[in-house]
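Input: structures, listed below.
One chain, chain A, links the two complexes that follow: it is found with chain B in the first and with chain C in the second.
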Partner chain A sequence: MNIIFAIATGIMFGLGVFQLLRRDLIKMAMGFYILFTAINFFFLAVGVFDGNVPAYVAPKDDGVSPLYLDNGEVVARDIGMTDNPQPARPSDPLVQALLLTAIVISFGSFALLLGLINVASVRFKTLDSDQVNNLKA
Partner chain B sequence: MPNNPLVLAPVFIPLLFAVLTLGVARVNTNNNTAQRYVALLGSAIGTAFALVILGQNWMIAQAGDAQGAVQVYRLGGWQPPYGIIFTVDLLSSIFAAMSSVVVTAGILYAVRCKDKCVTYPAFMPLFLCMGGSLIGCFYTGDIFTLFVFLELMVLSSVVLVAISDNKLGLEAAIKYLMISATGTLFLLIGIAALYATFSTLNFADIARLLQTGERPLLAQAATVMLGAVFLVKSAVFPFHFWQPDFHTTAPTPVHSVLSSVVVKVGVYGLLRMITLLFTEEAALINQILMLLGIVGIFFGSLGALQTYDAKRMLAYSTFGQIGFILVGIGWNNPIALIGAIIYAVNHAFIKSAMLMLVGVVSSRNTMKTAKIKHIAGVGKPFPLVGILYFLGGMALAGVPPLNGFISKLALVRGGIETHEWLALGLAVAAGMITLLYVTRTYVLMFQQQPNADSATIKEKGMGDSAFAPFLLISLCVLLGIFATPLVELVTLAVSQMSDPYIYIRAVLGAL
Partner chain C sequence: MEILILNLTPFILSLLFALPITQRIGKPVQWGWATGTVMTTLFIISLTLLPQILENGAFSTTITWVPELGLQFSWYVDGLSLMFMLIVTGIGIAVFLYAGYYLDDPADLARFYSYLSAFTGAMLLVVMAGNLILLFIAWEATSLTSFFLIGFKGAKYEDARIGASRALVITAAGGLAMFVGLVLMGTAGGSFEFADLLSKDAGKLLRDHAWYPAMTILIMLGCFTKSAQFPFHFWLPGAMSAPSPASAFLHSATMVKAGVYLLFRLYPTLGNTPLWRDVLLVIGLATMTIGAVFAIRKRDLKGLLAYTTISMLGTFVALIALPHAEGLKAAALGIIAHALYKGTFFMLAGTVEHATGTRNLDELGGLRKLLPIPTAIAFTVGLSMAGYPPLVGFVGKEYLLDAMLPQTGIGIIPIALVFISAILNGTAALLFAWDVFISRPDRQYDHFHAPPFGMHIGLIGLALASLLFGVLIAPLLDPLLEAVLGKHPHLHLIPTEINAAVLLSVLALVGAPTFFILRSLWMPMKGIRLLSGAEIYAGIIKGVESFGDLLLTSQNGKLRYYLIAILGVVAIMMFLGGYEVARPLSIIFQDPVTDILKLTMIILAIGATFASIIIRAHVMAVLALGVAGYAIGVLFLLEPAPDVALVQILVETMVTVLIILMVARIGILQRKKAQDLLWKGTKKWGQFGIIRDAFISIVIGGSVALFAIAAVNDRDGRIQQVKQVASEELPLSGANDILRPISLWHLQNAYPKTQATDVVGAIITDFRGTDTLIEIMVFSVASLGLLTLMTLPVGREVLFGENMDELMKQVAKERFPDQEEEVINLDPTKRSREYYRKVTDKYQFENLSTPLTRTVAQIVFPFALLLSVAQILYGGSAPGDGFTAGVVSGLAVASWYVVFGYFEARLRLRWLHAGRLIVAGLSIAFINASLGLITGGAFFGNIAFDGGQAPADLHLTTSVVFEFAIYLVVFGGVVSIMNAISHPRDLEEWGL
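And now, the complex of A and B:
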């Protein structure tokens, strides 16, 4: 799994940087979003695959969480591992919380960027960043 | 480890008032005076709290309890290293008090500002968001919250520049959003790398684990990433290219905040990196910072000398002054560090006041620009503004008895202490250029005869827009004449920073 994630993150990172350097402003914005997603992948790979059970499972009706034995020992059972119970390592919930925040922020920045590019395309009648060059005095 | 909920106030009161000002805003009119006064009230309350926290920390530190002068608030009540935490030591409280004073002065200027963009209903909420998130960056004790506040600051400042009266604002805003958002992406990579290595986000806990001397490859990568982000944020030499455009096209009240305190976030981050997190790599980082600082001093000063716009000149000047601060940090010596922090504080007051004065003068000509050919002689009927600009310029150049002299003196003392003669000579020589460009614009704006064909001067009263720069300039004069308290305060802060274990123990309890 790690190898797949490493390759995917690498490809998306390269793609994002390549698109970020394009002349077309929309492609540039897309590159920004791809880059952000690549970093989200990296974040995901940091901690999400460490454990073998979910971070939290709601207790059943009898009040017992399916992750715990009656004597309190943590065991992965009832999630397809009943044949071979082994000590459960809950996966890291913090990574997912951080990831959600990062996704929201990336979405906000991307929306703002697209809005600005929209206004710029109306004002300059072009999306070619080489012709949006009024700042060159 | 007392839990002080007061430290939430300087961050969240401006954010709360940002929502309130949206409520009082009236769409489709140009009369949003009520909204501006509500914003001013919110920012003033936030500033009062920031000053109270600074005072508390100062009194505790003066009583000799360096560890007690790190105030914490654990949001949600989780015991560190879990949960979000606000950690306010002396360095944070100094930077936060400085920036909330400058932001309040910026709003005070905006209340009477004649720019059209100030009347938009979204202006004041965005300004308060920028101010609140700025202080959040200084107060937070956890690296992911730093990322969130940085993004909030970037987004609100981008919109503020995009709605500027200057037609070029939009282009500069797109440019800055791309560069700065990509910069914060690298902060996110750094956070992920640190989290993968140490499984914690708390500054104190990361510092504790780094102090053990273990350096996995990912942690070294994180050092580079964090360094790059903070260099982008404070527009240091190889990453400076966005700064003059973005700052020049901003509305004057926004420019006075961006150019003086927003660039200090990077300086603060670098200080935290060197003194708390990566103390073992500090020697190498300091070498790089000193080199970049020297290049920045020359680049910024020479750029300021030959530019075509008074606001752009001050933006380039910020670039040069950040160079001085970095050189002070790079000398890696407590005395030089005291100099660098005093320099950062004094420069914020001077630069924001000077930018407001240029804004006051440039709003007098019909072109409403600060271009050299339009601004010549425009300030001649207003000798009081001229005197204020002259005082500010002399403070920037470091002429006694103004506060700029104190900061230059403290910095030079640090340089002599470290025996870095080459860097010291170059820095002092480049500092002379400041005198040149400041005097030139003073003569241009306030002494020359008006340029008859290019611009006509509107004969109106000055209004109250000169009030905010007047307050800041009087603060500069006061800090020049009574410099001892600030120097003592910064000395206490540096002695607190000299031992990272003070910060770590204050957050995590006895180890």
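And now, the complex of A and C:
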């Protein structure tokens, strides 16, 4: 399954790059956002996978929590259907934390990017990136 | 203690002269005497070290600097260091005193003294440094101060600027080569301290090391550039645009000898090998000969002196080349003698220029009567330079000839070249002394003004030293040279036996005047025109510049081409990296039900993204993008990663709102034009552009996929490794099976260390709290940056707070002329709802602002705040945390902006100040993180405020406070973004 995620990462990234290369600045900004998404996909592919319970660890065995601590060791309860029980597996919590911050940061930087496009459209009176060529000194 | 005084005093002096207040105290001449006194003190302090060194040998001191990197300030002072310290401070006395008379303008002089003192400090550090890194830093500091001194008159003269930059480029480039050599040496030798490196064992180790040739050549490059050896010699004549005292000090007596110093210093470690001998001998002799030949053809006094200096520097290098330390005695003596006479000569050139306004030999002559004291000085030091007894130069020349005799197995060529150079150097000395002061006695000078006597004092001292050191050579110089060489030198003025060296010496004494008298024969001869180093250097610089021009032509200013270039390079790198590690695919399906759902979501995400590309209308494309984002949110939920899923879905909503608001701000005509561009080719390329972009996208996407597959496979492999390692001790089941040790550690410690059952939350607020802190700072900067971007640069007024009320009054005047009084004088907070509606309805989205939406928005807002609080408090044990809480509250505010319009939303939410929220959040975050430090833990150490007594799942710890801080920042950031993007574009939109 994670291989499929890896391939999906590539497809999303390719779509993002194509969108990024449009002359329309708004489309270009969308391309950036697709790239952010593709990178989240990548994290999902390489980090958060193969789990079947959230990464929550109860302090002690309460009879319900799939994962609990016992003398400092994480113990996994069997979950799933009674005829086919599986040990509980959490997805990698560290990568999730990275993803969480990445999503918020991409939001902030995307907002800034939109602001820049807005200013460009006011100043250059166009949304065509080929006509915004005053960047050259 | 002496070491610190010696090192710090010059730098303090430099700082003092840089201060404007110091420049008002006293007069230039007094500064000259004061600085001269300081130098004298330093000279005496250095001298007191001599008995110590004679008795105990070298001594070293160390101050720890950066122990983690093995860096320390350390000093290593032995006889060699001391000799150079005495030269620097001794010549320094004369130079500083002379400069006080030479430069008239106080501002110029203060600047000059500041540079010169800094140089003195750096130069003392070069010869006293006990650590290779410290040596390098000081070395480059001398290059830098030299740059400032050469370019001293750069504001007026282009020559000075060119000379300064050329000297800096060459010496600094050589310094960098030397740095590599020093690092090689320190690594190979196992120590960066001279105290260790100069031992016999270290020397043997280094000479037998495989890196020996590389480190030696690199260090030599540094020395050759610094000491103006062929083929790098040409920067020194160019450096003559420095004021004469600086030339005397840096470019003859001290700095250019740094290279000689380092070679001398490293002789016990790296010297006495065939490589050392051959390279140094060839370069040294070539430099010596070229310098001497060029010198006598120069008509500029300082140019003549510069080339003789180059010649002498070459001589010293050649002497250090000799095996078995045969040449070191002659080199040491030569360095002292040269510093004494050449420094004096440079200052004499300055005096002559000061008095007559020229330094051209053709325009000078017969100054004997006008400048009687300089005449006497010139002849004293001139005889020393030409090597006549009883001056110190005579002894130096005799030892030089003696060392270069063929007995050490170097053949007959060196002695022949040395003999010729000795005659040419003598000729140059006579050219200066005789042609300036004696010949053409009837020459008239239009603008002559006599130099003050004080100008001569330092020079007289140096000339007397040249004489005294010759006459009383044994008592004066024996102890110093003994300290340098480690054995008694047995110096003597009168040769004890008649040998080949004495005969050659006498022959040179006769040869030089003869050659000088015959100058009318050889002077008109045309020299062979060689391509000079300066021209080669200029060519290189020009080549670099035209290469830069060439690169510039590739800049067409179109954004997309830059993106293609950047992404293309990254893609190639990723392809190469992924290609190597990608292995056959292994598709493992774990759980058919969730896997089918996941697959559906992936297809949905990709399909929606694809739709966003082909859809022309912006708003529709944005909505398609939103679908893709939600699909990914569901994917996170299926994983299961509930925290991430929550954030993803909330942020996706935020982004969709954001883009739509943003797109709406841009004029419809512009958008229409841009939309029409989508599938239209360019004139030049036609539809080829689409195919090209598609090709690039496929290549890049393919590379990324390959890279991702490689990463996934690599992780699989890593997990296998971990399993194998752990299989001995750990019972493997569940968590232990698939996680890397670090993730497992987080699972095990989340609750014991932070009282949080939500491991992701624990990582964010605690284990990687510093990351999060930086992240919220980035977010706040981005959102505040957006506010600045959207409100200020297009010349708009920022419409918050006070000026907003002003605006309201103007609107009221226009729209309610009959109620003007009442409206204007009313307290803004007491105005009726009805009033607000009437004023602001013009600025609302017509179809969004219905009674229903307004009611919903009002109801939602408090609930959103409540939900945020719950998420903060239970962040440790349930999905949701400060981020999601901030976005939830932010969404509520966003809905107000959409429903009520900017104007009314701002009026209703005047208490909501984005900047204050962000500042409060960041302050709380920092204070909270520092609490751990106070209680004896670490930054971000976790503290439980309630002692674990609070209800289950609700633990009041520093984590919760941090969540609150994150909430404030994210909320503030979202509000700031909303303010920015819904802020009216210009006042016309307000109907004003």
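What we mean here is this: the second predicted complex is superposed on the first by the 99 of 137 C-alpha atoms of A that agree within 3 Å, B and C clash if a C-alpha of one lies under 4 Å from a C-alpha of the other, contacts with A are read in each partner's own complex, and residues count from 1 in each chain.
Just so we're on the same page, contacts are C-beta pairs under 8 Å (C-beta built on N, C-alpha and C of every residue); 3 or more make two chains touch, one makes a residue touch a chain.
These figures come from a predicted structure and were not determined experimentally.
Enquirer: I'd like to know which partner A:3 touches here: chain B for first, chain C for second, both or neither.
Expert: second
Enquirer: In the overlay, answer first, second, both or neither for which of chain B and chain C A:116 touches.
Expert: So A:116 meets both chain B and chain C here.
Enquirer: Going by the contact rule set out at the top, does A:21 touch chain B (first), chain C (second), both, or neither?
Expert: Touch partner of A:21: chain C, not chain B.
Enquirer: Does chain B (first) or chain C (second) touch A:30, or do both, or does neither?
Expert: second
Enquirer: Which one hits more chain A residues, chain B or chain C?
Expert: The partner with more contacted residues on chain A is C.
Enquirer: Between chain B (first) and chain C (second), which, if any, makes contact with A:127: first, second, both or neither?
Expert: Only chain C; A:127 stays clear of chain B.
Enquirer: Do any residues of chain A touch both chain B and chain C, and if so, which are they?
Expert: On chain A, the residues that contact chain B in one structure and chain C in the other are 20, 25, 28, 42, 46, 92, 94-95, 101, 105, 108-109, 112, 116-117, 119, 123, 132, 134-135.
Enquirer: For a test of understanding, state which residues of chain C touch chain A in their complex under the given definition.
Expert: Where chain C meets chain A, its residues are 555-560, 563-564, 567, 585-591, 594-595, 598-599, 602, 605-606, 609-610, 612-613, 618, 621-622, 625, 628-629, 632, 635-636, 639-644, 647-648, 651, 654-655, 658-659, 662-663, 665-667, 670-671, 673-675, 677-678, 682, 693-694, 696-698, 700-706, 708-709, 711-712, 715, 733-740, 742-744, 746-748, 750-752, 757-760, 763-764, 768, 771-772, 775, 778-779, 782-783, 785-786, 789-790, 793-794, 877, 879, 881, 883, 970, 973, 977, 980-981, 985.
Enquirer: What part of chain B is in contact with chain A in the complex they form?
Expert: 144, 147-148, 151, 154-155, 158-159, 162, 167-168, 170-175, 177-178, 181-182, 185, 188-189, 191-192, 195-196, 199, 201, 245, 249, 308
Enquirer: Okay, in this complex, where on chain A does chain B touch?
Expert: 20, 25, 28, 32, 35-36, 39, 42-43, 46-47, 92, 94-95, 98, 101-102, 105, 108-109, 112-113, 116-117, 119-120, 123, 132, 134-135, 137
Enquirer: For chain A, which residues are in contact with chain C within the complex?
Expert: Result: residues 1-30, 33-34, 37-38, 40-42, 44-46, 48-59, 65, 67, 69, 72-76, 87-97, 99-101, 103-105, 107-112, 114-119, 121-123, 125-130, 132-136 of chain A touch chain C.
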